[in-house]
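Read from first to last, the chains carry the letters A, B, C and D; within each, the first residue is number 1.
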Amino acid sequence: MFFASDNGGPVHPQIMQAIAAANDGHVLSYGNDPLTQQAVEMIRELFEAPEAVVRLVATGTAANALILSTMAQPWQTIFCTPLAHIHADECNAPELFTGGAKLTLTGTDGAKMTPDTLGQAITRIGWRGINAPQPGAVSLTQVTEMGTLYTLDELKALSAIARAHDLPVHLDGARFANACAALGCTAAEMTWKAGIDAVSFGGTKNGCMAVEAAVFFDPAVAREFDLRRKRGAHLFSKHRYLAAQMQGYLQDGLWLDLARMANERAAQLATGLRAAGVDFVCEPQANMIFARLPRSEHQRLMSGGGVYYTEDGDPWHGPDDEMLMGRFVCDWSVTEDDVDRFLQLVTG
Amino acid sequence: MFFASDNGGPVHPQIMQAIAAANDGHVLSYGNDPLTQQAVEMIRELFEAPEAVVRLVATGTAANALILSTMAQPWQTIFCTPLAHIHADECNAPELFTGGAKLTLTGTDGAKMTPDTLGQAITRIGWRGINAPQPGAVSLTQVTEMGTLYTLDELKALSAIARAHDLPVHLDGARFANACAALGCTAAEMTWKAGIDAVSFGGTKNGCMAVEAAVFFDPAVAREFDLRRKRGAHLFSKHRYLAAQMQGYLQDGLWLDLARMANERAAQLATGLRAAGVDFVCEPQANMIFARLPRSEHQRLMSGGGVYYTEDGDPWHGPDDEMLMGRFVCDWSVTEDDVDRFLQLVTG
Amino acid sequence: MFFASDNGGPVHPQIMQAIAAANDGHVLSYGNDPLTQQAVEMIRELFEAPEAVVRLVATGTAANALILSTMAQPWQTIFCTPLAHIHADECNAPELFTGGAKLTLTGTDGAKMTPDTLGQAITRIGWRGINAPQPGAVSLTQVTEMGTLYTLDELKALSAIARAHDLPVHLDGARFANACAALGCTAAEMTWKAGIDAVSFGGTKNGCMAVEAAVFFDPAVAREFDLRRKRGAHLFSKHRYLAAQMQGYLQDGLWLDLARMANERAAQLATGLRAAGVDFVCEPQANMIFARLPRSEHQRLMSGGGVYYTEDGDPWHGPDDEMLMGRFVCDWSVTEDDVDRFLQLVTG
Amino acid sequence: MFFASDNGGPVHPQIMQAIAAANDGHVLSYGNDPLTQQAVEMIRELFEAPEAVVRLVATGTAANALILSTMAQPWQTIFCTPLAHIHADECNAPELFTGGAKLTLTGTDGAKMTPDTLGQAITRIGWRGINAPQPGAVSLTQVTEMGTLYTLDELKALSAIARAHDLPVHLDGARFANACAALGCTAAEMTWKAGIDAVSFGGTKNGCMAVEAAVFFDPAVAREFDLRRKRGAHLFSKHRYLAAQMQGYLQDGLWLDLARMANERAAQLATGLRAAGVDFVCEPQANMIFARLPRSEHQRLMSGGGVYYTEDGDPWHGPDDEMLMGRFVCDWSVTEDDVDRFLQLVTG
């Protein structure tokens, strides 16, 4: 009954097999191996973007911060929500890799921004002239940090606002697959067809060991990214093992199957909680649920074997001290039975 | 009728004379001259802090950013208001000098924070652990960017909150003198006696040419600050001309006289505007007034020779598009007659 | 016949098995899992340092740059040789992670420095005062980038010079195991017993997939390192897979066995080359050989299936344009037969 | 008898008068005043470059570091000599402002580089690929830090090498006027006509109080420089006082007259020292002399009232411990009589 995070589960066997299969003989290092080229082509195909720049790194924070560093100058600011992973959970990594750019927070409900809140935030900065931080880039997260989703139309509307101000748009896709599965759309539809310039295409949370792809739809950035990745100490020497993970992940649509499994388990959990009268902070849409429960109830569930986080701090805080928000995340390896047993505990 | 800023006016004659008097013969550079030592002692005396580290720089942004860089690590965050100069008007200078620290915004009314909003902001960050930016320092501005003042009790209450979380407190005193004059308190009372650890003691806006003092009440920081100042390209070779300004500024209490003059002109202006039915955004307390007037009225006043800024953007925005906030700042050189003529224009 | 690098070979089966064994069930992420604690204890035991701070990252550059960032302030300089990996092969990663510290180059023969050259370099900087970069740290590489070794006495003499100037000493141990195997010493003897303050303990080049340990003998740095690692995007979420590699690597002395195998293959190659009259740039001491051969001979060997790098540039340059330096590196997986076949090609 | 530095003397009266004349009434701040526009035009005229971007700052280190930050990316390296001010005397300011670029040292004799040493240094870096720091820019100093000069042909030859590698060239002109006076050339001839892309045009060492101009011959950089200057805390609010200095400095060719005076005093001193049998480290060419004298002789001269620096460290070191290098610098205010009295002391 582990719902603490989708990075707590095992690597999927198909991906382990791909790693094992790659473990043969000598190849050139730093990505100059055939497997890497193959993985890059698979990602280009997935995104229907034959010219895309695709680079692999091992952590989502690396993908986010390195992409943002190619988009925002040190004297600029990046627009994101107060709950954005890049703001709240990366210990100033974007600031390090951009050389000191600022993050401007806008939008709150369900960790989403709207065209209005984004437009106002950009405009507000705009008039202060040379003394102010300058607008630099927009960063969206899909699935959001509150488990909600932007529709394709919402993504298009937000990127249109960004484009109107000449700002590039980054998509933090740590749970990209879960969003595609939930929306029933393609990777292309959720990115360049919706005006996204670059995406952190996550693998780690969805059954990989440690791999994320930075995908740029503008090929001009390739050389700069390569140098930034190396300088950030994020260029793997034995690069084939990153590539093998991606290969196993994309083979036969595994990436989407795993996301569907995770989403289904979260839906099962949400249905059960709702039936038990539990209140949600936002309507669950993918593989992550935020639910309010009395403090004592959390204690009972955890004593009974439920593993998940509760939070006292804002914005996790319920309406009073006694109601705490619990975060429940499912990865592909959570079983129907795990959820059933937890729900019995809830209703028990 | 110049109210655009208190950095638009001339240098006071007593300060010009001090510069001229310093312009004689050869002395060692980089602050190893007798005049610098003298200026340092005058500032220590002013602050009743014989052990204080006192360093001169030429811009307020340099004083702020360099002080903050000794207080906050690159993985930490500095608590300030959304209108803080360090956030809104320094083009990411604190981020540059700290190596990428973040600024966390809290409190809004009149550009002030309260113990409650500060305490909540610190606590909120606190529970996120290693993945989050860490609490680093608190930065207050006195006179605030909205022309309001913290009382000594308010300063003490805020610094107590900071201290309870082991955070040092910086005071941006670009208008330090105006605050002392308005509160009728000493420099010591407004700083270390109120729990402030370091202050940017401004000279430029109050009749100097280009000089600010960074004053630390903990002497341990001296060597680090010296290296940071040099590395920031803020160590003057012909240092005596910074020292001379400070000497002229402090001689016979000139600094306080000039601030009183500026405050009085602003009070005269506020009284006249209020009599004319003009609405203030906050109650004016020092030498800066934010007043709401119809857009057309601003146009009339400017055509008539009033020089000041109006702003469309939030938070300068009035309740509707037609009411714009105007910012009126007085320096020591604005005359009673200047204000009278402007008020005639208003009532005219 | 692959001698291009020791990062081109496969992961050793024992390490692959450790990874596979770790792939079971849910555990807490970010290093809060039992396997990580176990790997840390194994490393502490190896170094006979029960209080050491041990942290895992995935690249050698990350280990080096993050360790150095805890040792050198942005206004300081790090003493290393002109061939040091941190200077020549990390694309300014140390500069990024330290926030702009400088690297001062000293010593050249065989990529080693001597107490004299180090002492002079430190002293030379020292007298310039506040305007100059300040001495910050010393970084040594063992095995050096030219395949040579410091004796334990040499390490002690260098760290004594550093200590006399209050400088901490970092050891880049990307090939740490090869050095221990060649010197027949313990990990403790080559580090804290020789005056080393922190070491990048390499795994990747010696049969792991992607893991290096940053080991600090002073426990005080733990919290700072954790925050720097996270901010550098080098904290793995599925941390158990780093830990498993280390576990498999250290189990039953595998780390030393693999290094011995690599060293023996290099010795076999050196013996054969010497017999064929080939000249070495430095006397080979571990698993890396730099040999001068005519340009045409290199072409013949490569056409015949030898895979390795030659270099035109200084310091790889031979005495004339026609003699080029070739770099031959053996990892554990190079076979006796590989070397034999290559030597037949040479003498062919 | 002050020869310690050319930043130890007074401001020239014509420049003081220009400052005093500027001290009248209110003007807009941050450079939006008529005097600044006028100073900019005077500098453009001086450089025969009507489109040049001209920005004023208060320190030479600021001019150097800010210019270089527009030329070199954080993953690049800047080629300069080991004695370059940007390397040896700016406490890592270039590293701070570039975000961590490296400095690659080349050339030593008389603090000059040659086309050969520069070309080799660039080529050497070039072949290491993505793992190495990338070539970024070239920085020359004129007058050099050893008081020597590049001829116009030497400047052209160096900039040709840079251009062949697509590298921009910066000229550190802290003593620009002394070089123009010594070479009898125009400002244009020594900069864009010789292939220089941007110059730090010094005022402070040559009779100003604190002003340097950053001059770019490519206008495209203007916006970026403005943001970098503000972010570096180097944008003066009361900007007219920087402009006034430049105006006074350039008026009626004062800048060149002051440099000629300084050069003549140094020549007088060199002639006298030579006659007294003193040995020079390099042939004096402008206003700075490096002479070797026995340690005891230095002590005698200093006791007699001579003020200047001697150095023990390399490269100031003489052939043995007893011969120390003394640095003698003349500014415009050193008198013929000062030099005579000092020479009497020498021969005395």
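To be clear about the criterion, a residue touches a chain if its C-beta (ideal position, glycine included) is under 8 Å from a C-beta of that chain, and two chains touch if they have at least 3 such contacts.
Since we're looking at a predicted model, the values are computed, not measured.
Common neighbours of subunit A and subunit B, by the contact definition above: C, D. At the far end from subunit D, in terms of centres built from Cα atoms, lies A.
Simply put, of B-D and C-D, more C-beta pairs touch at B-D. In whole angstrom, the spacing between the mean C-alpha positions of subunit A and subunit D is 50.
Subunit B and subunit D have Cα centroids lying 34 Å from one another. Note on chain placement: the centre of subunit C and the centre of subunit D lie 41 Å apart, centres being C-alpha means. Touching two or more other chains at once are residues 74-75, 90-92, 96, 99-100, 130-131, 134, 227, 230-231, 235 of subunit D. With chains as nodes and touching pairs as edges, the resulting graph is complete, every pair of chains being joined.
Those residues of subunit A lying in contact with subunit B across their complex are 74-77, 88-92, 95-96, 98-103, 105, 120, 123-124, 126-128, 130-134, 311-314. On subunit B, the positions that touch subunit C within their shared complex are 30, 73-75, 99-100, 130-131, 134, 224, 226-228, 230-231, 235.
Taken together, the subunit B residues at the contact with subunit D in this complex read 2, 4-5, 7-11, 16, 19-20, 23-29, 57-62, 64-66, 90-93, 96-97, 204-205, 209-210, 227, 230-238, 241, 307, 333.
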